[in-house]
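Please read the structure below before turning to the comments.
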Amino acid sequence: MATTHAKSGNSIGRIVLYTLLVFFCIYYLLPLYVMLVNSLKPLSEITAGGMMALPQEWTIAPWLSAWSSAQVGVEATGLRPYFLNSIIMVVPAVALSTIVGALNGYVLTKWPFRGATILFGLLLFGCFIPFQMVLIPMARMLGLMGLAGSVPGLIFVHFVYGIGFSTLYFRNYYAAFPTELVRAAQIDGAGFFRIFWRILLPSSGPIAVVCIIWQFTNIWNDFLFGASFSDFDSQPMTVALNNLVQSSTGVKEYNVHFAGAIMAALPTLLVYIVAGRYFVRGLMAGSVKG
Amino acid sequence: MGFLDIKQATKSYGAVQVLHETDISIEEGEFLVLVGPSGCGKSTLLNMIAGLENITSGEIAIRGKSMNGVKPADRNIAMVFQSYALYPNMTVSGNISFGMEMHGIEKSEREKRISQVSDLLQIKHLLDRKPGQLSGGQRQRVAMGRALVREPDVFLFDEPLSNLDAKLRVDMRTEIKKLHQKLGTTIVYVTHDQIEALTLSTRIAVMFGGYVQQLGTPKEIYDNPANMFVAGFMGSPSMNLFPAKVVSENGQSAAEVSLANGTKASIPFATEELASDVGRDIILGIRPEAITDRDGADRNSQAVHIVEAPVEVTEPAGSDTFVVSQIGGKDVTGRFRADVAVNAGDTFPFAFNMEKAVAFDPQSENRIA
Amino acid sequence: MRKLTMMTAAAALLAASASVKAEDVEVLHWWTSGGEAAALNVLKQDLEGQGIGWQDMPVAGGGGSQAMTVLRARVTSGNPPTAVQMLGFDILDWAKEGALADLNIQAGLEGWDDVVPAALQEFAKHDGKWVSAPVNVHSTNWVWANKAVLDELGIAVPTNWDEFVAALEKVKASGKTAIAHGGQPWQDATVFDAVAMSTGGPDFYKKAFIDLDEETLGSDTMKETFDRMAVIRSYVDDNFSGRDWNLATAMVINGDAAFQMMGDWAKGEFLNAGKQPDADFLCFRFPGTQDQVTFNADQFAMFAQGSEVGKEQAALATAILSPSFQSAFNVVKGSVPARTDVSDEAFDACGKKGMADLKKAADSGNLYGSMAHGHANPAAIKNAMYDVITAHFNGEYDSETAIEELVTAVQINK
Amino acid sequence: MSISETANPQGSVVDRLRDALPKIVLSPTVAIVAIFVYGFILFTLYLSFTDSRILPSFGWVGWQNYENLFRIRAWDTAVSNLVIFGLLYIIICCALGLLLAILLDQRIRAEGFIRTIYLYPMALSFIVTGVAWKWFLDPGIGIEAVVQGWGWTSFEFDWIKNREMAIYTIVIAAVWQTSGFVMAMFLAGLRGIDSEMMKAAQIDGASTFALYRRIVIPQLRPAFMSAFVVLAHMAIKSYDLVIALTGGGPGTATELPATFMYSYTFTRNQMGIGAASAVIMLMTIAAIIVPYLWSELREKK
């Protein structure tokens, strides 16, 4: 462990250390603090100024409003119905891209063939393609595939552009996975899928966490694809939040906006908080070994 | 036709040939060791036997049946890996039964066999543990158990002892030998440790540079190395190899060598094989145990010759003392009795048992006598 | 271009029949604020009364540009919405692609030609066919003022540039912000529109922004316009960049600033703050443009689903143009009806003034599409002009450079 | 190890299928990437030579879009902004991430808790945090106003309103979002370093500073590389960030190629120019990423 050298005796050093740590905590927490504090104030307090101040009058009305009665379209539905839309899109998309990424990583490291490395390079380069560029051709393809304006279409799009990173994660992880285990399983008579399922997958926990966190965050937070490839009944959360926040005229209810924004971010926050402690372990186990 | 036949097998990666035409044939119950330095092609050959690497050309057959294109699981082989390759997510019994499960063996039968094997290897108390909770020696046993339980035609061992500490390595070596004697199965065993090769095998293939340098019984390999590589690689301390010249002395052919003090000495050969080669430069090969002090010399030998040579270093090793002198510019080590009074700087009589000496051609490095 | 259009139309036909029930309308729009949505709800209930379902597809952001992106994706994928909220040249562009349904039958039945101002018809008709249903007319050359501030400083409503500058100077001297402005390209351009109209008059405005005459664009009058923009900049506080328009309006409402140049939608902010027109705040045309109205109009275009316009599309178009909806919607929205024959009874003082101004301007040929709001030239040129105006307003270009860049911008994007 | 290639002319169809299985498994991905990445790149390349405006159109216009592109000042701004932004963003993120990782690695209390705080911004999109950031940076209500309220009246922080400085505010917000993630990568790298080596260095008398500088940091190269890929990817795709914070302003001061491309393709109905800018952008990415990928992947062979 790299920690062994740290002497806890040097108390001035420790004070500086903790001061720095707390300082950075503040830096990272401030925006969330502002959002949270202002989501619990009545609008009049916000417009009166003092964005850093705690509410004089605490209220959860903005949260209730954002959840169930804020105006995000013709109907004042709040964000509630869009939550489900996002979930039924995100879960399959994350699952698919993770599983396929794992299979790809498995093939690329344990069953390599001529050109596998180049193929991987090409795959990785795909991560860098700007999404704005693919919008129109993607729309055309979805139309041709009959997936336009549907949840499966959205899932497909996120899956397609999620493969690059999920393959990267799993490939780097599996590269460090002992090939002898695969050979042993072959001699034991396990086939391609059985080896994957019984030998590699059970050991893939750490990297799966990294991959799922990454994919979940990216897909949940996507706006461009969500807006462009959804239908009136499949718009995801981010589109609704955008409609709430970006309304063109009328009074901007900042407290409701903030409440809605935090609400929309809750699932990803939850994923980070719950899975966060596996995250460093997962990164350690593979992806930063390069 | 033997039990395991390797016929003209080669392996290439693209343009690079890593294994050249190789022929090995062994009988059922033999213990074949593939030995050589790393990169010699021994592991490649083992993987080819296992079916983990394809054969570029030639054929590998088990029980007379060609194995080309047969997948590893269908070759009826079992393999023990260097890292043991125990499945980290399964218990010991899970590891042992996995192969049987894959081959569709019934549960009751699997349990019976696990029980037998764990008795044999004394790992019964470990069956419910995960590999991560085992010591190196225990893992080794589990890995062997996993192989044994399959009751295969051929066992393949890929440097199975190299991850153990020295003491355990010796113990496990003995255990493997016992197991082989008890079960009589055919084994192909890869190692870079020549002592393991000599102690375990019934047959050794010494490999280097993608070629089998010599195939033979341990005694053949040790006593009659086919070339300088085999001579130098097998045995510890390794065989002394030093330049000499064939001369004729008193009608007898002899090896003339130069000593560190500038004088020359000639040592008669035990045979007249090189009688026609007078004047030829050769490399003389003679094992340390054939260079002794006068009293330690083999009394049965007809060809012990004394050379007075300056002593450079002495290395007491308990049971013996290794004494080093420079001959032909090379360090030549003799194995003297422990209680011989000899010190660095002395000129001391070295007894050469020329019956054990071999000669190599300096260019081809092949043995000529 | 044609080939793709055909493909698209065919795909649209296919998808439309597949995904949307014939009797439902899917409406893509960006009206998600409370007032707007309430206004749209009038339309929705009207349709539901006729048994037509409303499938809501709101995409807010960027004054509709986000929705236009989505529209592009939807059309390309062969799954266009039934009806889409659109502005100005976007309608004509889509009409050129042959993507819009022909509404002539409805227009004929309802006599749209007679009640919709000609200047507006230019954006609702293509090749002599009605392709969209106008909802409202926003006029953009309004100035909003805090009456209390003006009274306190003894400022009368200015009627020309010099009076305006004098008024601004007075406010500045008092320590208040003279002009509340949000530094976003479209807001800069909204001010520019009014200044140009005031400086050069309607002919100049038409030649420069509608006809895109390069000589006019590079003329001294244009340079004068930019110089006046610089003057206006000097009366704006330093913290204007990126400010949302409604925050600027709030400055006027709170009495921190005296004037704001903004379209009629700003009125909603005043009303929401409990202010009364003429009592608490004033609305008047930008000094020097008392006779002119620059406008933009929200419309709904129907996407073609084959040879004939869909029954539900026809119903939607008819409902939009009905006087009752036009009145109900625009009272809420702050704009004025697209039909000039709607009763002004329900409207407040500013609304009544707006309706009267519109009718007068339409009748006298003084109604012009607003450059800032995409009703003078296509999006490419409009945005290129934004770039120049904004760069000049932020001090990046001087007036000389600005007119050169303006000419270049038009050349590149024409 | 390539069983899959085991040539077996006598093998049954099932056997051959089995041998080809890895490739079959990989093939959907290959097909998807071929169409949805490289196909689209080719399509965009083609579009950049056409007169496409509102929708793709296939009238060939040669290099005209490129010529126009380079006449547009905003494009120059966007490109130079990307250089400034990209460099600062990557360097600061790496430096801060490394610093935080080292701080966290000092056997501190509540490490998991603090780590989560540092990491969470990655979970939020700028649609969510954009308004908060805008407020912060706004001199009228944000940091400047707050600090002035504390009595430091001469304090100024109006970068977001300043043409010269606005791009740096984008860097601040971007660093806020990603540096925690980079920290996690470095922390993982630190934890992976052999502890015996650390002990050896201590016995050799290395100070903590020297220990990190001479022993630890050089061993974090793989972590640096991974961080670089992720950060470069983020920098190039930064779009939400700019839209949420400045909308490209003041003026065009914070325009980035991604926002430029979007606005030309969609807002301005100049799809041809938008495509041309996308092509230039891709070529730039390729010029940076391809040599990197090449060296990384070849090394591992």
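Per-chain residue numbering starts at 1, and chain names A, B, C and D are given in the order in which the chains are listed.
Convention: a residue touches a chain if its C-beta (ideal position, glycine included) is under 8 Å from a C-beta of that chain, and two chains touch if they have at least 3 such contacts.
Here the structure is a predicted model, which means the values were calculated and not measured.
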Contact distance in steps, from subunit B to subunit C: 2
Most distant chain from subunit C by Cα centroid: B
Computed distance of Cα centres, subunit C from subunit A, in Å: 38
Whole-Å separation of chain centres (CA-atom averages), subunit B against subunit D: 55
Inter-chain centre distance, subunit A versus subunit D - centres from mean C-alpha coordinates, in Å: 15
Junction residues of subunit D, two or more chains touched: 1-3, 5, 18, 55-56, 262, 266
Subunit C residues counted as touching two or more neighbouring chains: 62, 69, 72, 75-76
Subunit A: positions in contact with at least two other chains: 135-136, 138, 183, 186, 242, 245
Sites on subunit D touched by subunit A in the complex: 1-5, 18, 21-23, 25-26, 28-30, 32-33, 35-41, 43-44, 55-56, 100, 103-108, 112, 114-125, 127-129, 131-133, 135-136, 141-142, 145-146, 176, 180, 184-185, 187-193, 195, 198-199, 201-202, 208, 211, 216, 221-223, 225-226, 229, 232-233, 236-237, 239-240, 258, 261-262, 265-266, 271, 275, 278, 281-282, 285-286, 289-290, 293-294, 296-298, 300-301
In the complex, subunit A residues that touch subunit D: 1-6, 8, 17-18, 20-21, 24-25, 27-32, 34-35, 49, 51-52, 100, 103-104, 107-108, 110-113, 117, 119-138, 141, 160-161, 163-164, 167-168, 175, 179, 182-183, 186, 191-193, 217, 221-223, 238, 241-242, 245, 254, 257-258, 261-262, 264-265, 268-269, 271-273, 276-277, 279-284, 287-290
List of subunit B residues in touch with subunit A within their complex: 47, 50-52, 71-74, 77-79, 81-83, 85-89, 98-99, 102-103, 146, 150
Parts of subunit A lying in touch with subunit B, wherever the complex brings them together: 178, 180-181, 183-190, 194, 198-199, 202-203
Contact footprint of subunit C on subunit D as seen in their complex: 51, 53-59, 68, 71-74, 134, 138-140, 158, 160-161, 163, 166, 246-247, 249-253, 262-263, 266-270
